[in-house]
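What follows is a set of structures to go through.
In what follows, subunit A forms one complex with subunit B and a second complex with subunit C.
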Partner chain A sequence: MKAATLSDYLNQVSLLRLIAVLALVLVVHLPSLPTWEAVLVVAGLGWRLLIALRQWQLPPAWLRTSIAVLSLVGIYASYGRIHGQVPGIALLMIMSVLKLLEMRSRRDVMVTVFLMYFILLTHFLNSQEIWTAGYLLVCASAITALLIDVNHPGEALPLKKILASGSKMVAISLPVTLLFFLLFPRIPGPLWGIPSDAGASLTGMSNEMAPGDISNLIMSDRHAFSVKFFDREPPPRERYWRGPVFDSFDGRAWKSSGISQRVQTPDVELLPPAVRYEIIVEPHRGPWMFALDIPDPATRPDKSFIASEYQLMKGRDVITRELHVLISHPNHILQKELPDLTRRVNLSLPRDFNPRTVALARQLQAEHATPEAIVQATLRMFRQEPFVYTLQPPPLGRNSVDDFLFKTRRGFCEHYSSAFTFLMRAAGIPTRVVTGYQGGERNELGDFFRVTDADAHAWSEVWLEGKGWVRVDPTAAVAPNRIELGLSEAMQDSGELPSFLQRGGLNWIRDNLTTQWDWMNTQWNRWVLAYGPEVQMDLMRRIGIEDWRGMIIALTVSASLILGIIGLLLLRQFTPARNQEVAVRLWAQLQKRLLRAGIAQRPAEGAGSFADRVALETPELGDAVRRAATIYQQLRYLEGATPALQEELARAIKAIRS
Partner chain B sequence: MRPWLVFKLLLHPIRLAQARIDAWVMSRVKRQPGPIPVPRTRVYIVPTRFGYGYAFMGLVMLLGSMNYSNSMGFLLTFLLGALGLVCMHHTHGNLVNVQLRSGKAPPVFAGEVAHFEILVDNPAPAQRYSFSLAWPKDSQPPVMTDVPAQGTATLRIALPAERRGWLPARVFSLSTEFPLGLFHAWTWAELDTACLVYPKPAAAGRMPPPASGAIGQMPSNIAGQDEFAGLRNYHRGDPMKSVHWKSLPKSPSAPMVKQFTELLDQELWLEWDALGDLDLESRLSQLTRWVLDMEDRQHAYGLRLPGVLLKPGRGEIHQNDCLRALALYKPG
Partner chain C sequence: MTHAIQPALDALNQIILGKHNQIRLATACLLARGHLLIEDIPGMGKTTLALSLAKVLGLGFQRVQFTSDLLPADIIGVSIYEPQAAGFRFHPGPIFSQLVLADEVNRASPKTQSALLEAMEERQVTAEGETRPLPEPFFVIATQNPANQIGTFPLPESQLDRFLMRISMGYPAAEAEKALLLERERRDLLAEVQPAVSPQQLLELQTQVKAVRVMPALVDYILALVRHTRDHSGLRQGLSPRAALALKRAAQAWALLAGRQGVLPEDVQAVFAAVVNHRLIAASEREGGAPNADDILARVAIP
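Up next is the complex of A and B:
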């Protein structure tokens, strides 16, 4: 069926509405665009507005083409490429504005509507906060209202009317939307790979630990992950979230040696108690999942693995919020037998660095018999010597560990773990640096812990005969409060904390509000954003659906049911009110019967004269129709509308057979 | 080969199937005097081109959301899907339970365009929007209207009148794409109504033969409206338009009235037999021209066709009678 053409002229009112809706869709993207493009987009909208209001000419084709070409060049200049997610969004915005500049007819509106939906979608690649849900509904209602307006020919419908109808349609669609959201089988992405620039441009832990990396990290308030413990909540000193592990030192930065690829997952002996918890990891452009301490490999989620240093890792970067339920064991024996290769790597040091530290290590080796004693002695040194825990350490020279241990003695967790690891290796104890998070702030409302980049931490692991890898946190020796109470408590009086970590004054109210906001955000993350294949399957099992086939059946049945109800309710709106009088309804039946025989009562004809005409034209029906007409007249115009008489009329009508 | 031709060939089986379906649907349409109710079973609905585009866009968005595991993307995609389905019910409901009646179809001359009035009744308590009415496979843009709640809208649909006689209304479609333009819902109906098409008037020029026994025109004494014959005093009941307003200020108490006399031809007959040199349709055309001319000049005239005789007369009714006789004339 060919679509009927609407009168193609787009009136001014509809055009102004279109510009308004497009502006609504574009506005949230403006801050992330390069300045020149934001200006161009705003100017384009303004220009089209003036064209509509002042009846100016639309720009000629050559001008539009040049704007398009120049924008393409501009985007290439700004991003260095024209493919990929960010330049793609920038292109989409330019296209929508250019389309607007050549718009005359209703047909063009349809193309713009498609563009608007896509622009709306791309917004969620950058941000999926709670407010975006409201924004989604507002935009969808506005675009729907626009479509309603455009599909009405001639004069534009009143604004209030189309907005009301648009929001009503969106509201009616919501139940089905939610059903699809819950029941549509989710498959673990990605389908074809994700551009390298996808996702929010927030980064957390990095692939190496150079001086200053972690102290930079803690200055950001980025939410790293939230955790909810199910039964047993470990004390702060046990809450170490394992991230990147570094076993190679080049004198300046700690990195990961290449052996991870060649060494299999180490054996581990898990000891009670088990800690079961749910973790929602925020996207952070790294593969680490930040499990608590040593996770049970059996609870490892799909598409993840346990690396050679026992970090739980994803096969790719975490670029979407992910929810997982894991079990960890704070008590464990990790890698009882140390392979030669691993031992060599974890003892290796760069040549000709930190001679004083190496000398100190020799001395410790001579004084103490066992590795345990060397570790204890070193920690005692950190505790007793005037070491200071500070976020603003003085700069260090080439022999950074020497400078730190013997000169400045002021540093941050990365300095302590780095120096400790170096010292231990020099003393012949296999040691490595572990980075990740430590602690986390409890949210009183939601009974969960919120871990931010401010909780980023670095510690060490030493390998001891019979005990495997054992965590040693030299920072705890210097600043026990950092471990027990968290960074903000430990550093409250130092004046070095970023403002969001400072207490007192108005901050108390802010903290309270923050708690509630955090709680809401966590619920949002938990139920909406982290709703992926695993959470879905978990929920489905709880309501008795075992596989995706069951989900599809449940989805089809329930969606059809709801749509059926919606259809019936809508139809009722379009159904004439039932006439209250029985006789009128019965007479309508008679009319229907006779219409099948091609006999129609004329508008000006009463029941009696109609019956007379039927008798004249179709004598074989005459008597029956006359009889029915008599009873009908009696029922309607004389007294005594008894049920008996009504039944008689019904019988008389049934007796009419054409 | 041009790409569009390949496309057309590929679509050929689909078009063939469509034609078969159309034929089947059309055979179900009965010619009825009206009112024709439009129940649910007579409302057909398919996606529009925009609707297919919308579905395709939804699919692309779904794949995108899957790829990025983007929850808000899923929400938007599913919302658009649900909106599409709800829109289908809206579009369908918009058309269900209306009633079609035929209105006037004023006569036209062959070669002109006939206009059929079609009345759309909405007995329901909700307003209906954006109905369009069209003959099938018609290239001209459809006529469109809204129908108020419990009200009636009148649509006038044009059909070229090529030949004289009755021009029956064809099967027409009443359709709507409201509210979102994703679906096209329509119904077929054929109202038993027709437009009378008069013969096409011949070109002016040929004069009717002089009437039998009438030489020139004689003023009669019958008061008429043709020729000014003087003034007389006003009597109660004289029409306003015959009052001689110019003289009123001179004698306000005794208004004068203009008096006319009627010109009466003596037996001006428009004769079929007088046009022996022409073929049938040309004769009718010429007679039509004469009827119009005579009416224009305020002559009284009669019409004589084989088997039809209309006595001389004047005025719209007489003219229509004559034209009707000419329109419906069947030889032998």
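Up next is the complex of A and C:
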């Protein structure tokens, strides 16, 4: 007996479709794979395609095993491990292609198809954007269509037909998907233990600031967060989004001294007006949650805290998108009384750095009586001396502040805030560096602000007697447009901007599309991705569900209902179509009338025979029923339906007095 | 139209007493261009029915008594050498008449039976390489004796299918039998019968049968009946599409006889037993398991 071959289960056309769908499912992962693996995956698909087209032999077992072992080694070499999210996906990809190369039984085909569904899920680990969802739906339809095809013996089904059926099945499953989305209890934090390397590729604010850090950051077009103001929209000069605050300088980089762990949260006097807004923070590396200077501690979200420099923080990195409603007070007095430790930290400078700056500070101290006057004099210096705001500052030496203030005089915000902070400290004024974002681009369509890494900014805060910490932005003195109009306006003519920030040419079309796309994305984030445990609980409470128990009951009941309805709808296909003929409906009325008189028409009894029997058994009804029967016969069997006859039948039936 | 056939029906009813339904079915069968199989014991008036149909409808009539030594040529005809013409001349057999009575068709050998049945189906005869059409209308009434089956060749199921209807005469009612005995001999009566319908009118009526309306609702009913037989465990096989067509055609003829321009479910029910009973094959030899036509009619609801 001839051994069963693949072609017994899967015809050529279906096999080609299977390869195509697998390619569709794998293609999105390709860019994130190491080059050798991407090449191997493509080659494997191509090889299988050639085997199918040229009727070649499948590779022998020893070859497949060697490839598998080598790939394992390769993945270990590339990632340093073979477990975890990223290497796991890489392994899955290579194994799915190898499975294709050893596919000879029906079971292999099924395994491959179901593997595709699984691979599809892994896309969500990398991206949860709108297009991912769309792509997932398309792929799910394609895989389902394939599943239908491979389960159909004999000739391949027409492509259009299986695609239609596949899409239909996916569409039918959507209500259940939606239900599970809404009602399946959301557990705070990752439910299935998203591997610790999730979000490894994220960028964002870092926990130190060295010259060049922020100008690098703005080169990425990463979306940092979106904000929607509820009532009052603060002007640009108030839109400072507070992020990491640095109080320790080592001569090159600004860092956090770590005193925040030891010092209690400072007192703050919040002054009107209050600004209420909704913020959706994108995942990034770091525990900062960004809030408008400065947030009302009463409105801080669960599991967040206010650090001693008044940043809004989370206990761990923000690796999922989060939606919060916050209230901030642009007018405030922060830390009227400065604790000794804080004062000391914010005055400390590394020894033997920047002697010329220290000398300048001494001179300022001698010339001006009050700290305010020193601050103003310094800002005046920035404004009047030939300082240049640029993305491409020249490199600085060991005494970076000296070099900047007296030689190059070209710098980006981090240079200005760093130099300013150093100078103030040298002049005896407690000062610190604050990083975060400034400004944001308004999306007219959705009435929200989109803040990207291009809006990253650094400024300073000086502590003044009686006023507490006061924000001073030296960049504003050099390049007021940066604050009022944003980076792209301020730097438009410099030729230094990354291409996505440049204007002109066809860019207005792009800008327009970008606006719409941003708006859609924000809606998606707002309604889909930000739907976390808090939002879910809130929604559930509004419809009267108090706890998980209620949620699970609601989920079970609604899921059963939906499945029941879908089942009934499917069942209807197999029952004969309901006869909606008017004559039949009217005749049913007659049957009902006569039934009240105890006369029932037998199912196999024609209308005429029935009328004859009625005439025999109940002569007083005979004529009327006969008349109705005659019209009924006319309608159904002799002449066909006409409105006149239908009316006549209705009248004839009404005439029957039972 | 109806009136055209009514005198014929009346005349037939005068000769064959108390058999209104059989006469009507036989006439409907003829109008539907189908052949009729009468199954009954001898002496029940089978021949009389055939003869009177021929007479009343003005058809040329031939009777063939089927015996075991009957040869196909005895029915179809044979070419005989004629010295005067110095050649063979075809002498048409009894099949070349408008109404053929094949008496005791199951007595003849299968070969002869199939010669008859082929002619019935194709309405033409091929003898000695020449195809000769049979007259129009062409109508075969075959009789079968169900009781005395010794030395017979029962018609195979596939050939029974060629008959549109199978009926049996049954004993006459008491009244009718009394009249039969009191009155004149039927045969004498028959000699005096005049055709009530011209061959032209008959052909026209046959054409009209096809024009009788069949609405989708009725087709649904026919299909429901047919499907019921196909799903029935007591039957070896259900009714074929040809049977469904036969049912439709017979019901059309029946409706025409009733003077309707469309077919009612009642028309289908009226012809159902005659059309279907000889086509149903029980799954087992045991009686009782298989439904007969009436069982089926009672079970299937009119849609």
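Side notes on the structure shown:
Convention: the second predicted complex is superposed on the first by the 512 of 658 C-alpha atoms of A that agree within 3 Å, B and C clash if a C-alpha of one lies under 4 Å from a C-alpha of the other, contacts with A are read in each partner's own complex, and residues count from 1 in each chain.
Convention: a residue touches a chain if its C-beta (ideal position, glycine included) is under 8 Å from a C-beta of that chain, and two chains touch if they have at least 3 such contacts.
Given the structure is predicted, the values throughout are model-derived calculations rather than measurements.
By the touch criterion defined above, A:Ser206 reaches neither subunit B nor subunit C.
By the touch criterion stated above, A:Ala604 is placed in contact with subunit C alone, subunit B being left untouched. More residues of subunit A are touched by B (comparison of subunit B with subunit C). In the superposition on chain A, no contact is made by A:Thr421 with either subunit B or subunit C. In the superposed model, A:Glu581 makes contact with subunit C only, not with subunit B. By the touch criterion defined above, A:Tyr637 lies against subunit C but remains apart from subunit B after alignment on the C-alpha atoms of chain A.
Under the contact criterion defined above, no residue of subunit A touches both subunit B in one complex and subunit C in the other. Considering their complex, residues 1, 3-7, 110, 114, 117-118, 120-121, 124-125, 128, 132-133, 136, 140, 144, 147-148, 150-154, 165, 169-170, 172-177, 180-181, 184, 186-194, 198-199, 319-321, 528-532, 563, 566-567, 570-571, 573-577, 595, 598, 600 of subunit A touch subunit B. Contact residues of subunit C toward subunit A in the complex are 213, 215, 217-218, 260-266, 269, 297-303. Taken together, the subunit A residues at the contact with subunit C in this complex read 579, 581, 602-609, 633, 636-640.
Across the complex, subunit B meets subunit A through its residues 32-35, 40, 44, 46, 48-50, 53-54, 57, 61, 63-83, 85-87, 89-90, 92-94, 96-97, 123-126, 128-130, 132, 134, 141-142, 144, 146, 175, 177-181, 184, 186.
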